[in-house]
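Lettered A, B, C and D in written order, each chain numbered from 1.
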Amino acid sequence: MSLLVREALLAFRRAPLLSGLSITTIGFSLYAVGLFALVAVNLREALREVEQRVEVVAYLLRGTPPEAVAQASQDIAAFPEVARVAFISEDEALRRARQELVEFRDAYRDLKVNPLPASLEIQLKDGYRDGAHTAAVAERLRGYGFVDDVRYGREWIEKLDRLRNIAGVVGLTIGLAFAAVAVVIIGVTIRITVLQRAREISIMRLVGATNGFIRGPFLVEGMLKGLFGGLLAIALCYGTYLLFRGQAELATSGIVFLRSPQLGLGVVFGVLIGLGGSLVSVGRHLRNV
Amino acid sequence: MSLLVREALLAFRRAPLLSGLSITTIGFSLYAVGLFALVAVNLREALREVEQRVEVVAYLLRGTPPEAVAQASQDIAAFPEVARVAFISEDEALRRARQELVEFRDAYRDLKVNPLPASLEIQLKDGYRDGAHTAAVAERLRGYGFVDDVRYGREWIEKLDRLRNIAGVVGLTIGLAFAAVAVVIIGVTIRITVLQRAREISIMRLVGATNGFIRGPFLVEGMLKGLFGGLLAIALCYGTYLLFRGQAELATSGIVFLRSPQLGLGVVFGVLIGLGGSLVSVGRHLRNV
Amino acid sequence: MIRFASVYKDYPKGAALKNVSLHIAKGEFVFLTGHSGAGKSTILKLVYGELRPTAGDVRVSGFSIGDLSPHDLPRLRRRLGVVFQDFRLLDDRTAEENVAFAMEVTGARADSIPAKVMRVLTQVGLAAKASAYPPELSGGEQQRVAIARALVNDPTILVADEPTGNLDERATRGVFQLIREINAGGTAVVMATHDLDLVRQTTYRTVELREGGVVFDSGVDEGSDTTEGLE
Amino acid sequence: MIRFASVYKDYPKGAALKNVSLHIAKGEFVFLTGHSGAGKSTILKLVYGELRPTAGDVRVSGFSIGDLSPHDLPRLRRRLGVVFQDFRLLDDRTAEENVAFAMEVTGARADSIPAKVMRVLTQVGLAAKASAYPPELSGGEQQRVAIARALVNDPTILVADEPTGNLDERATRGVFQLIREINAGGTAVVMATHDLDLVRQTTYRTVELREGGVVFDSGVDEGSDTTEGLE
């Protein structure tokens, strides 16, 4: 066991250049994956910001008693999908209209009575802002007697749904593609280093080393390379993140970095690739000698 | 010269596995770059779609004579920034308001006179949809005597501006990062293959080959590997594109592929990397032997 | 110990061995001689299982080379000591580490290794070069590392392919003396050599090959099976 | 032709040559002998510029090895034919291609190459193995490919490190005869060897090394400069 690790570490000392190159390759391959993950995470973050604007508005019949509205507000706030309920009075609606909608400045200037209805503005919780949940909430709101009409920008929400789906599919597929790129490149690198050491392996076999004995240090070495490569990739990603953070804060609400579990996953991925790559390469090689 | 190419091609025949692995690495590295380029191009395409909604609206004073409006429309259509001008009459405005804005259904039902103004809706050309140009157009519109007010969603356009800037900076930097990844990985691959052939090179020198004589075939070989790697990357990108096109058409207005000049650039990039990588690796090696 | 029965070995480009039958008893010392390209190394490679016979049967220390399982191959090789014609040293390990590696492979106790390794290196006259890497050694020094590696596990059979080709007369005498001592201790020795002086000095059995066939064998009981049962 | 003046060569782990002075005239034949590790290969490596002297001056065919420019190194080597102790063949080229490569390097006309290559391979007795790769050749066959490669460019100096170490008596005689013929044609030969039989057979000048110093030189005019002007 100690022999195993010692041999693996010796391999680094014996061929420092080649080991360094392999680690660099693994690191940069995983960096490509990490960069993509960074972009994807931040796009999703941006999408979430947009999503937060999803709301359902229930217009109330003129003359609904305030107690009924207050009671309903409480009920609605207790819906599992609902995050917040806000009551907008008729006066408030008029004030907003005057402020926001230029087309109507003139129109409202001359009005004797306020034609605008009061309404309840309902914000949904994270994860409930898709078409199906929104429609369900709207349906339930329509059940209240004093609700005249319910609006929630069906088209807009359905667009969001589609966007989410596409982003999910595209993100997943391209992410997998990048991961595949990393796996291929890393596998190839390990294969090349094993080829490089074909003579060494054949000599080991000639003096009576078993396949397991030969394979062991290679596997440990592969895992270590994967580990170092993964850590290098994280360092590179973090550098990139720092580079952007300053700029991004000026323009948007800032960017986020990958979270620890995601980073951990990346390193484990690196180690597994290193291990798998060594296993395949050495295994195939041992059969051939 | 024929010796040069013959030697380079022989290298492929002599070490088919290693050559294949190098080409695969180069191909997949460039594929990562290409994937990113695909995503970037399509995001830009999506941004352009959003941009097309940018418009400037000039509200006209009540009672403006139609001839004046027609004349102004022609003038405005001739502005270098302007793509299209549409006249929206007062009646048309009311019709739209009734249809689109539920809050005002009731309000307008009882109206005796139409309070809404007529307007000119002006669409800008590609490349003029940023804050500065839009503001300039708006300013000029205000110069007309019969224009009451000009609106163009300043906030929205400024957001677009910022988005464009960020997308540009992020795209460029991440693109460069990916390119750097590709360059590093490819350089490393070539270095490894040269290391692999260190013995060969030293023997060549021992029998009296000049550095140029040794370097030549390596450079041609590197260029060929870069070429093949570039073509492989294009094939992979196109495969990915085909994979997505079907799905994407269901949901959005479709995705686009890279254009020929971009593809050509990718291949040239591959060849140059192959050449440069060989030059550096072999050069450094020759100095050391 | 070693038995070749009507062995043929074809390479893609021609036959290297034709109908070779040979029996080497436990503890015997045999010289393999013959022209360059006669097939000496091919016979030795069959003994240590780098090659498989095209036809015929090769048995070494109870293992049948023709259908040796991947599991048995290392077990066979640990009983052999092999000096390769081209040395086959690991270039990135010192002389000492090269020899030690052959012991580690057998699972020898770690604390017993260094002393044993130094003893063998001293026997071949290389104690002073223990920490040199093969590219830092002269041709003869590399050859002696290869010999030390072959001896370090006290093999039951020593297979030596031209072990004195790069040695001067004095070193040759020293190494040959060492090999004779090993043989006296009960190890069978098969040694391919071009050095006919060496062959003539002794009365050991000599097998001469020509174009892949045995043309002379000074051993008397060739083909007899009497000692086979002792293996 | 070749002149060593008070040459020292230190390796990181010790001195290999100590104050070696040696002059080899045009067309001369010199044996280098000595124990394993005495410094024979080191002297030859200095001659073909694989090593630089630590101190002292080495001049070969008008080039000063100590400060040879990268541009002159190939020019020097093309005038030499070198047989390396460990052969140094390109494993992924056939015997024929290995020999041809040494000619291509000199810029020889492409159509003159195949005939010349086959002639030299025939001289060393390897015409039948022309299309075999080194790993498919026996030790002695590889050595003869290395010799053919050294001879193919009609060198003015032939440097041979143990060129018969892997050859049987008959092949040794053949190769040695060939080298003598080359020498008769005016090529200087420096040959390191352990084969004292070979040395004793002839009356060629013999230089014996011990621990990095020259202890015996049968050449009479050692140190005289009379032939130097002819180089």
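Note that contacts are C-beta pairs under 8 Å (C-beta built on N, C-alpha and C of every residue); 3 or more make two chains touch, one makes a residue touch a chain.
Just so it is clear, the structure is predicted and the values come from calculations on it, not from any experiment.
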{"item": "Required steps from chain A to chain D (each step between touching chains, minimum)", "value": "2"}
{"item": "Greatest separation from chain A - chain, by CA centre", "value": "D"}
{"item": "Whole-Å gap separating chain B and chain C, where each centre is the average of the chain's CA atoms", "value": "67"}
{"item": "Averaged-CA centre spacing for the pair chain B and chain A, given as whole angstrom", "value": "23"}
{"item": "Euclidean distance of C-alpha centroids - chain A vs chain C, Å", "value": "63"}
{"item": "Two or more partner chains touched - positions in chain B", "value": "none"}
{"item": "Multi-partner residues of chain C (at least 2 other chains)", "value": "none"}
{"item": "Chain contact topology (line, ring, star, complete or other)", "value": "ring"}
{"item": "All pairs of touching chains, each written as two labels joined by a dash", "value": "A-B, A-C, B-D, C-D"}
{"item": "Residues of chain C touching chain A in the complex", "value": "48, 50, 70-71, 73-78, 80, 82, 84, 88-90, 92-93, 101-102, 104-106, 110, 149"}
{"item": "In the complex with chain D, residue positions of chain C that touch it", "value": "11, 13, 33-37, 40-41, 85-86, 131-132, 136-141, 143-144, 161-162, 165-172, 194, 196-197"}
{"item": "For the chain A and chain B complex, residues of the former touching the latter", "value": "17-18, 21-22, 24-25, 28-29, 31-32, 35-36, 39, 59, 93, 97, 102-104, 106-108, 110, 115-117, 149, 151, 162, 165-166, 169-170, 173-174, 177-178, 181, 184-185, 188-189, 191-193, 195-196, 240, 243-244, 247-248, 251-252"}
{"item": "Residue ranges of chain A in contact with chain C within the complex", "value": "3, 14-15, 200, 203-211, 213"}
